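Next come two complexes built around chain A: one with chain B, the other with chain C.
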Partner chain A sequence: MQKSKKIVILGHFGVGKTSLIRRFVEDSFSDKYKVTIGVHITKKVVEVNADESVSLIIWDLEGTDEVQMIRQAYLLGTHGVVFVFDVSRPSTFQNLNRDLEIVAQKTPDTPLIVVGNKKDLVINDELQILLKDNGIKADYLTSAKTGDSVNEMFTHLATLLNDLS
Partner chain B sequence: MSEKDRLEILKDILFTEDREDIDKIADRIELLEQTYNNREKFASRVNPIVERQIDDFAKNIPNTLGPVITETLKREIHNHKDEVVDALYPILGKMVKKYVAQEIKVLSEKIDNQLSFISAWKRRLRSFFGGSKEKELLLNDLSSEKVEQVLLIERDSGLLKAGYSKTETIDEEMISGMLTAIKSFVEDAFNQKNQELELIEYELYNIHIQSFVNYYVAVVISGSYSLKTKDKVQDIIFDFYHNFMEMNLDLIYTSRHLEHPADTISTKLIEKKLAEYFGNAKI
Partner chain C sequence: MTSLKQYKEQYINQNIQFVLIDQEGTILESDQTFIELNLGDYIYELHPFFATYSAFLDISDETMTYNCVHLEFNEKEFITDVKMMKKGKLVLLVIYNLTGHYNSYQQIAQARNESIINSELVVLKNLELEERERFKNAFIRNFSHELRNPLTSIISITKLLEGSKLNNEQSQMVDFLKESNTNLKLLLDDIMSISMIASGKLQLRNKIFSLISLLELIDFTYRSKTNGGAIRFKMDYDKKIPEFIEGDRLRVFQVLTNLLDNALKFTEEGTITLNVSLNQKRANKVSLRFEVSDTGVGIPSEKTNAIFESFIQLESEGKKEGAGLGLSIVKGLVGLMGSEVHVKSELGKGTTFYFDITLTYALDLASKPIDRAKKKNPDISKLKADKKYKVLLVEDDERTQMVLFKTLMDTNFFYIDLVNDGALVFETVINNSYDIILMDVDLPNVSGDQITKLIREFPFKNIKKIPIIGVTANVFEESIEDYLSLGMNAVVTKPFDFDELLNTMVKFLK
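Let's look at the complex of A and B:
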């Protein structure tokens, strides 16, 4: 049986939300930056085990540096949230824990996955130190460019949502 | 020899080299003074250096200033979307107008082609008795309203519960999400309590929306959408909802609060009903 689940992708602007979805859904990447305006919706069916699959309806929201300003209406009824920051731009994660608190308030009782993207742009050891210094715990470090950990992240979320329902 | 003369001789012996140096330096300074005072000579010396510097600077602009300019532009566009839309609107408007004009021309040609002798005679007869022109009659045929697609959508999440579609369209689940996003945006942006988006016009289609508590129904209609159409569509939606959905609403509602909510009405059954209600509807 196939279930449908709505997930929203949030984060400051330009962190690679659209690119992550594109890598996951179409397995492609572009260096060009096309700002998302409003919201864009895509879908991908993920097999979570031999006889179950989940249809992920992915809401790609326009980025905002003010997490508080995210339109509540877009978050209604969402089953899962992915919060993305850009590991190469500290301004996108300096207030991460505060941002995550706001997100949790806006989407109570909803699984939240924290993703540091663009890992191809930094040196891993230095990144680990930087994250530790900022008190940040990321569930996944990804690169939409190389595809590193992108499928794993979405598949994990799909499995999680399937198990919850 | 006086004391003074002796001193001079001593100086001569001791400082000859220095004096020669001083003379050389004086000459050099004089030459520099000449060059400096003579614009052309000075320019010929300095210009190549300046030019090289400017060249280097120009070459490096993309590297040094590029990212800053791009970043600033992106931010400006991002922060002033309304203004950007305002600026683009007239251009887009013209493009749309041109496109519509083109499409009408194509349509008119199609109609002319269809006015072949045999298929035309019936209409001729009709127009003879009814007094209306052939093209108008055909246009009426083309513009008669039809239900193309019906979607039953969960209100909050925008997830599709069931759908009925006359023709293959793009993914129904994605349309449901998009419609919900548009609906949420409009309702949120105008921030009117209890006001719901009722109609979306999209090129040749009108999408009629009727909201209930947990679900909403979207009906995609082709052809002209008149008040009469709206009335009829609403009637069908209410019939469908009243006769079929409402009696199951309690079940749906209670099941939501169960630990393992059962899928009370199967999607298949709803889809069958949607086809029954909307498939052959005269609107």
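Let's look at the complex of A and C:
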């Protein structure tokens, strides 16, 4: 039986939310940055085990540097949240823990995955130091450009949501 | 005639679509304004956005509005606002097609976000470049610092060698060795200068000095260098320029000699000219133009900026001497003097470097001191011939120990005790009676500057007043000032000339 699960992708602008979705859904990538306004919604069916699959309805929300301003309507009926930051731009994760608290308030009892994207732009050792220095615990470090850990992240979330329902 | 109602239908109603669905999401009615929907289809199968209607049914709100929703139908994209309204057991969807409006907003958002991201990236890039520059300068400083100890030994041993019995061939070899030592020391000084300029640690030391004497010295030096060769050196200055000016004599000298050495390097034959002209005099300020011209190979126009970068050398008929630091130092020093160095060049004809600097000049010439080159030979006549001075040499580097020990002993004026560990110095000083201490700074256990501080704080006059001369590879002015403030009487930097050290010692020995 196929279940339908709505996930929203949040984070500051330019962190690569749309690129992560494009890599996951279409397995493609473009270096050209196109600002997302409002919301784009796509769907992808993910097999979570031999017998079950989950239809992920992915809401790609306009990036904002003020998480508090996210429209509540967009979050209605959300089953899971992915919060993305850009590991190469400190402004996108300097207030990450505060942002995550706000997201948790806006989507209570909803699984949340924290993703550091654009890992291809930084040296891993330096990245680990950077995360430690900023007190950040990222669930996944991804690269939409190379595809590194992108499928794993979405599949993990789909499995989690399937198990919870 | 078209009625207002028709205009309204044409311009407004074309962009608003009404759709009625039931609680299962089945499309019951649609006015098909801009999206063709089949009655009986499930709305959530047409676009995943509409799956959210079921969540809307679960909440108590009667109306919910979604702004700026991208909907794709039949490969056509609409950017819409969607209003969901509960109507009994049915749901009314009102879809506003605002594609044009949102596309304009998208362009504005695109420009704004790109601008913010680019600004952030520029800041990050600058931080990275600054960090690299800091690392490079720190590396250069440490590297040249580490080279100073062995170079001190080499220079000192060469001096000892020069004083021993040598045949002609050996004398000639020692002369080559001396020249190489001098070149290496100059190169180290250049590296240190560029590092200090880049890190902002170099400060000008302005004092009144005779500009005319400086120019005469340069004239003599470069006439000697070019004597008998294919190059003629010519120096000319405006007779109205003031003799005494206030500035950093050493750095003015360094700028001019770097430019002249550069001219010599790239000129096969012809003339090298140093010209100093008066731009203007006002009150006690004078603006001077310094100009160094040559008839050398010239510089391609596309490279006139690159020549001022550190470690850049122009390849010219195999001439690649030096580290490419000379012009970079010139640029840095002239910048510190508040000016800019310019270059005019024509390939095959020659190059002119020039800069203008404004300096203060002494109105009352007679009362101003004349900064003449100091006599280098040590004046040991001031030492008592019948006395042996007791020296404590605090030094952990074995080569420097050996050289200082031997050269000081050779003068027949000194007894020398040696300590190579900072922790042992204080006890040695208390248990003996020294006339002077030569103190290295980087020592095991306790540094030389801290020992000096302890000695100066000692309650007995015979201990606390012992002259202490710092001998260090650390050439930073701020460090030297620190050592002096902690109680050292003077500081001699490595690699030092033995006569310079002896001169300094003579000054403090009674």
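Definition applied: the second predicted complex is superposed on the first by the 165 of 165 C-alpha atoms of A that agree within 3 Å, B and C clash if a C-alpha of one lies under 4 Å from a C-alpha of the other, contacts with A are read in each partner's own complex, and residues count from 1 in each chain.
Everything that follows uses one rule, which is that a residue touches a chain if its C-beta (ideal position, glycine included) is under 8 Å from a C-beta of that chain, and two chains touch if they have at least 3 such contacts.
Since the model is a prediction, treat every value here as computed from it, not as a measurement.
On the superposed chain A, the two partners chain B and chain C do not both fit; they clash. Of the two partner chains, chain B and chain C are each touched by A:K6. Applying the stated contact rule after C-alpha superposition, one finds that A:G14 touches each of chain B and chain C. Once the two complexes are overlaid on the shared chain, A:S53 sits clear of chain B and of chain C alike.
By the document's definition of touching, neither partner reaches A:N151: not chain B, not chain C. Look at A:T42: by the touch rule set out above, it reaches both chain B and chain C.
Contacts of A:S91 after superposition on the shared chain: chain C is touched, whereas chain B is not.
Of the two partner chains, both chain B and chain C are touched by A:Y33. In the superposition on chain A, contact is made by A:R71 with both chain B and chain C. None of the stretches 117-125, 135-143 or 207-215 of chain B clash with chain C in the superposition except 207-215.
In the three-chain superposition model, chain A touches both chain B and chain C at residues 4, 6, 13-14, 33, 35, 37-39, 41-43, 57, 71, 73-74, 76-77. Interface residues of chain A, counted against chain B in their complex, comprise 4-6, 13-14, 33, 35, 37-39, 41-43, 55, 57, 59, 71-74, 76-79.
Those residues of chain B that touch chain A in the complex are listed here as 74, 77-78, 81, 154-160, 171, 173-174, 177-178, 181, 184-185, 187-188. Contact residues on chain C toward chain A in their complex (touch as defined above): 47-49, 51-52, 54-56, 58-59, 64-70, 79, 102, 105-106, 109-110, 113-114, 116-117, 120-121, 124.
Per the touch definition, chain A reaches chain C in the complex via residues 4, 6, 13-14, 33-35, 37-43, 57, 62-63, 71, 73-74, 76-77, 88-91.
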